[in-house]
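Going by the order they are written in, the chains are A, B, C and D; count residues from 1 in each one.
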Amino acid sequence: MGKYAFEFERSLVDLEERLEFLRNEAADGTDETASQVDQLEKQIEKLREITYSNLTPWQIVQLSRHPNRPTTQHYIESIIDDFVELHGDRVFGDDSAIIAGLGRMDGRSVAVIGQQKGRTARERVQRNFGQPHPEGYRKVLRVAKLAEKCNLPLITLVDTQGAFPGTASEERGISQAIAVNLAAFSSLRTPIVTVTIGEGGSGGALGIGVADRVLMLQNSYYSVITPEGCASILFGDSSRAEEAASLLKLTAEDLTGLGVVDGVVSEPLGGANRDPHWTAWELKKTLVAEIDALVVSDSEELVEKRYQKIRSIGVFMTEQGETIGSPLQMPDLVFP
Amino acid sequence: MPLSSWFPSKKPQGAGEQKGAAKQVPDGIWSKCASCNKIIYQKELRADLMVCPQCGHHYQMTAAERIELVSDPGSFEEYGAGITSVDPLGFEGTKPYVNTLERAKGRTDLNEAVVYGTASIMDSPVVIGVMDFRFVGASMGSAVGEKITLAAEKAIERKCPLVLFCASGGARMQEGMLSLMQMAKTSAVMERLGRNGIPYISVLTDPTTGGVSASFATLADIVLAEPKALIGFAGPRVIEQTIGQKLPKGFQRSEFLLENGMLDQIVPRSEMRERLGTIIAHLAPPTPVEAPTSGEVS
Amino acid sequence: MGKYAFEFERSLVDLEERLEFLRNEAADGTDETASQVDQLEKQIEKLREITYSNLTPWQIVQLSRHPNRPTTQHYIESIIDDFVELHGDRVFGDDSAIIAGLGRMDGRSVAVIGQQKGRTARERVQRNFGQPHPEGYRKVLRVAKLAEKCNLPLITLVDTQGAFPGTASEERGISQAIAVNLAAFSSLRTPIVTVTIGEGGSGGALGIGVADRVLMLQNSYYSVITPEGCASILFGDSSRAEEAASLLKLTAEDLTGLGVVDGVVSEPLGGANRDPHWTAWELKKTLVAEIDALVVSDSEELVEKRYQKIRSIGVFMTEQGETIGSPLQMPDLVFP
Amino acid sequence: MPLSSWFPSKKPQGAGEQKGAAKQVPDGIWSKCASCNKIIYQKELRADLMVCPQCGHHYQMTAAERIELVSDPGSFEEYGAGITSVDPLGFEGTKPYVNTLERAKGRTDLNEAVVYGTASIMDSPVVIGVMDFRFVGASMGSAVGEKITLAAEKAIERKCPLVLFCASGGARMQEGMLSLMQMAKTSAVMERLGRNGIPYISVLTDPTTGGVSASFATLADIVLAEPKALIGFAGPRVIEQTIGQKLPKGFQRSEFLLENGMLDQIVPRSEMRERLGTIIAHLAPPTPVEAPTSGEVS
C-alpha cells in the first residue's frame, strides 16, 4: 500500500516515493543515480522542513488523527516494563476503549490509563474507536484509586474524539461517570501526569485528564468540541472544520499560552507516525522527569497545588473590572 | 438588592445563542403551548409558575423567577453580580463573541448565565445559585465557572447547604479549552465542598446538557429534576447521527434518568420550595440536636 | 375475606370469628349473649396465650412471613416524619425492592433504609417481593455515605428472603455489591442500628445489616439460609423446613444467646400483624433509645467498637484448644 | 514445616460434604476427564498442575499444592494451623456436624478449610491464604472466618501484600448465623487492610460461591480467576429454579465475570506464579524507590 498522506503532504510523499524508487536503482550501481539520490534527499529534507514547520491548526488536527499515529498501546509497550492490564468497572462491564494497568517505568512502579483507538480496522471497531462508555470511566476511577492507595504515580494518555455519544452511554450515566472522575482526580493523593497523545476531545478526554502536569504531544490537539462539531454549529456546515480549528485555539502552543497546558513533547518532523520509537523515547524522558519532580512533594501539598492550579484556570472580568487570567488577545480586544 | 429589579422586564425573551432542544416561553398575550399545542394565556402561565395549565409542561424560568419561587421573601442577597465574561480567544465565528455577550446582557439585565447569593429556604440558610438559559444558552465559560466556584466556597465559609438550579446548553464554545476546563474547576470545588461535609442539592431543569451535566450538576448529594427536563451529555441530534436512528420518546428526559438511577426525585415546580426546605432541614438541622428525649408515636 | 391464619392458629381464629358473630348479636341486647361474649373472650385470651407464648422456630418463621405483617413502608410512615425517599444507584437503575431516604424521628434527622416486600399483590410484584438486585445495594451504599457525610444516624430495616437469585443479579455483580456494603458499613462514621422486622435472609439481609446495634422483632427470624433451602440440602426435601428451622437457631432468642443479636423488640401477642400501630410504637421507643445512646460517642470510638464487635463474632477452637465465643450447646457436645 | 507434609496423601479425594458444581479430580491411574471426557492419566495431570492436557480444564488443587505452585520454595511458614471448628449450635441434620468435621479432617490432614501463613512469591514477601475445597466444601464457618481475619491482620502487621486463593461452596450452614456473620467479619478486616494501604489480591478458583464470593473474595484490589471457574452468589440450580429455565453455557464462569467487569484478569495456572509476582512487585516494590535517574527506552 502507498503511504497514507494528507493533502498538504502530497508533494512531499510523491518525492519520497520517487526517492525510494531511485534508491533501488542506485543499489544496481550507476554513479548518476547515486548523485540523483543525493540531490533528491536534500530536496526532500528542505520540503519536509517547509511542510511541517508551520503547520496550521487544521493540519495539526489531521496529523493527530493519522491512521498510523502511535496509540496508547504503542507507548505502553515502548516505555512500560511488565505491564499488567486491569479490567472491569466492578459494576457493569469492561470497556475496551480504555486500557488501564500497572507497570514499571525506568524502575519505578506506575499506573497507566489511556484511551486506545486501535491500530487495525478490526481493533478500531473492537475498541469503539477509543470512544469510552461510562464503564470505561468507572474502570479508570477504580485503577486511579488503586494508584492512590499504593502511592503509584498515575500517567494518563488522552486520545479520543470524545465519550461515545450513544444511547447506552446516556442510559448508564456518562455525565455522572465523567463528573465523578473530575472530582476524584482533583483530590487523588498521588502524582498525576496527563499527556494528550492524539485527539483530546472534550469531556471524554478530560474525564481522564485532570492532573498535576498537563502535557501535549506536539501534533496533538485538545478542544472543547471537535472542529467539525464547531463548524456545524457556527456555519451549519461541518466541512468548514478548517476555519473552526483556527478559532478554537486547540493547539499545544495556543493552550500553553492560555495556561491550560504545561508543556509540549516534541515529535519528529512530520509527526509521531514517522518515528513512533523516537516519539516514545521523547515521551518517556519527559514523563520520568515530570514524575521525579512530583514525587518529592508530600501528598497534602500535591493535592493543594493541583487544586489551586485547576481553580485558577479561566479568563474573566471581576466586579472591579479587572481581567483575571491571561487571554491570548491584546487587551484592547477584551470585552467590553 | 430588591428582587423586582431581577424581573425579566418587557424585553422579548430571546432563545439565547444556542438552539437547545428546550422549548421557549411563548410570546404575546396568548399563544399555543409548545408542548401540547393548546391555547395558553401568558397571565395564566405566569400565575401557574410557568407551567402549562393544560399539559403541565414546565417552561424555563429566569434566574429571578426561580429565586423568588424557592427562597424566603426578601432573604436573597446576591454576590458577584458584576463578574462577567471576556473574550480570551478573540473568537469571531459568524459574529464576534463580544457581540454575543453584549446582546445577552441587553436582553436579560444579567451579566452572566448564573446568579448566586445567600438566601433562606423555609427558614434554613443556604447558598443558592441559578442558571438562566436566556444568557447564551446558559453555556459555561470562565465567568460561569468562577461564579459556581464562588458559590461553593461561600457555602463552605457559611457552613450552609448549597442549592444549584442547573440549566445549560453545554460548554461555551467561544472560550475554547478555557470553557472545558471549567468542568474540572467546578468539579474540584464540589469535591472540596463534600470533604467539608456541606450538603449539596442540585435541581436539573430543562435543558441540562453537555459540560454542566458532566460536572457539578451531577455531583450533588441529592439530585432533583423538574418533570420532563432534557438532561444528558450528548445532544439528541448528535446521538441520532451516531446511531443512525431516531431516539425513543422520552429519551434523556427526567423520567428516563430516574429509571436509570441518576436522579433522587422528580419534583413539580409547585412543590419545589417545600421539598427543598424539607431536605435541607434533614441534612442540616437548623438548630443543634437537643438532648435526647424519649419518643412517642406522632 | 376471612382472616389469614396458619395451621397452628386455626382454632384460635375460629373462636375469634365466633366471638365477632356473638358480639354482633349482643349488640341486639340479650343478657345471655353478653355473658357468652364475656366467657368466650376469656377463653380466647387463654388460648392466645397458649398458642403464641411458646412458638416453635417454624411458627416464628411463618409469622415473619405473614401476608399482613407490617412492612418497612409501614414503619417509615408510622415513626418517621417528613420522609423524603431517595432513588437510584447513579450507575444503572433504581431498585424498588429497597426504600431509602431521609426523615426525622423524634425530632432528630435520620437516614432510613429497608427492604420493602409490598403490601398488596401488585406491590409485591413491583417490589420483586423485597428481593434486591445489585442496584439496590448500591443505592444503599450511596445513602449510607450521605448519612455519614451529614452525621445522620442510620436505621436499616431488614425484611427479605435474600438477594434476588436471578441472571441479572449475577451479571451486575450481586456478590460484589453486597461485599462492598459489608466493608463500607463496618467503617461508616455514623451510628447504625439495624432491626430485622420480618425475614432476615442470608447475605441479602446482611447487605444492609452491619451495625452498632443489631435488633430483631420478636417474631422475625435471621438465618444463613432459608429453612426450605436448608431442608433441601440436608434432606433433599424442602418440605421438611420445620425441622430445618429448629436446627438453624434462627430465632431472636437463640441469636441473642449466640451474641449475634443485641436486643429484641416486643410484638403484640400473635404477631405484629395483629397490631401494626402498637408494634411501630415499640420499635420507635427502642430506636430512639438506641440512637440516643450511640450518638454520644465520637465517630472514631464508634467505628472501633463496631469493628471489635464484628471481629469477635464466631465460635471456634484456638490452637491452644480453648473455645472462643459462646456456643449454645454444653461444653461436652463441643467438638472434638 | 516441610511442604511435603502438606501433600495430599494417598487417601481418596472426597467431594467434601457440599456437592458443588465443581468437577472433582478423577480417581485412579487413568480416568475420563470430567470436562472433555477424554482419557487422562493421573501422572500427566499432576505434571500439568492438575490441568487437563487435552482441554485445559483446571481441576481443583489442595491448599498444599497451590502453596507449592506459587510460593518460593521453602518460604512458606504456616500460622494458625491448629485453629478448628466447634459445633456451636449442636447441629444434627442427617448426621452431626461434629462427624462431618471429623471426617473432613481425616480425609485431608487439615484442621480447617483454609491454610494461611507467610511466604514469598518471586522474592516479594506476602501473607498467603488458600482455601481447600475438600474440607466441607471450603464452606466458611467461624474458624475459616477467624483464619482469614488473622491472615489479613498478619499482612497489616508485616506491611506486606495479602494473597488469597478463594474457593467455597458458601457459608457453613451447620454454624447458622455465626457462619453468615463471618461475611461481615472478613469484609470488615479487608476494609481495615485497605485503610492501612496494604495491597490485596484474590484469586477465584472453581468454585467460589455464596458467602465467600459476597465478602472478602471480591473485595480485593485486584481480582484474578482461573479459567472457567464457577463464581457467583446464588448457585446455578437455585437460579434455574427461580427463572424457570436453563442457564446459558458459561453463565457464572470466569469469562462471564470478566466480560461483566468483575475480574481484572483470567490467569491460567501455569502463569499464576509469575503474574502474581509481577503484580506484587508493582504494588509493593520490594526495595525503596531509588533516587531518580534519567530514563532510556529499554
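FYI, a residue touches a chain if its C-beta (ideal position, glycine included) is under 8 Å from a C-beta of that chain, and two chains touch if they have at least 3 such contacts.
Fair warning: this is a prediction, and the values are worked out from it, not measured in the lab.
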item	value
A-B or B-C, whichever has more C-beta pairs in contact	A-B
Most distant chain from chain A by Cα centroid	C
Centre-to-centre distance between chain D and chain C (centres being mean Cα positions), rounded to whole Å	33
Chain centre separation (chain B, chain C; CA means) in Å	42
Where chain A and chain C are represented by their mean Cα positions, the distance between them in whole Å	55
Chain C residues counted as touching two or more neighbouring chains	90-92, 172-173, 176
Contacts with two or more other chains, residues of chain D listed in rising order	194, 218, 260-262
Overall pattern in which the protein chains touch one another (line/ring/star/complete/other)	other
Chains that touch, pairwise	A-B, A-C, A-D, B-C, C-D
Of all residues in chain C, those that touch chain A in their complex	90-92, 134, 138, 172-173, 176
Residues on chain C engaged by chain B in the complex (per definition of touch)	78-79, 81-82, 84-94, 102-109, 135, 139, 146, 149-152, 277, 280-281, 284-285, 287-289, 292, 295
In the complex, chain D residues that touch chain C	18, 80-94, 97-98, 101-102, 141-143, 145-146, 149, 171, 173, 175-185, 187-192, 194-195, 210-211, 213-219, 231-234, 238-239, 242-243, 247, 251-252, 256, 260-262
In the complex, chain C residues that touch chain D	163-167, 169-176, 178-180, 182-184, 186-187, 202-203, 206-207, 210, 222-225, 229-230, 233-235, 244, 247-250, 255, 258, 260, 307, 310-311, 313-321, 323-329, 333-336
Chain D to chain A touching residues, read off their complex	194, 197, 199, 218, 221-222, 258-265, 275, 278-279, 281-285, 289-290, 292-298
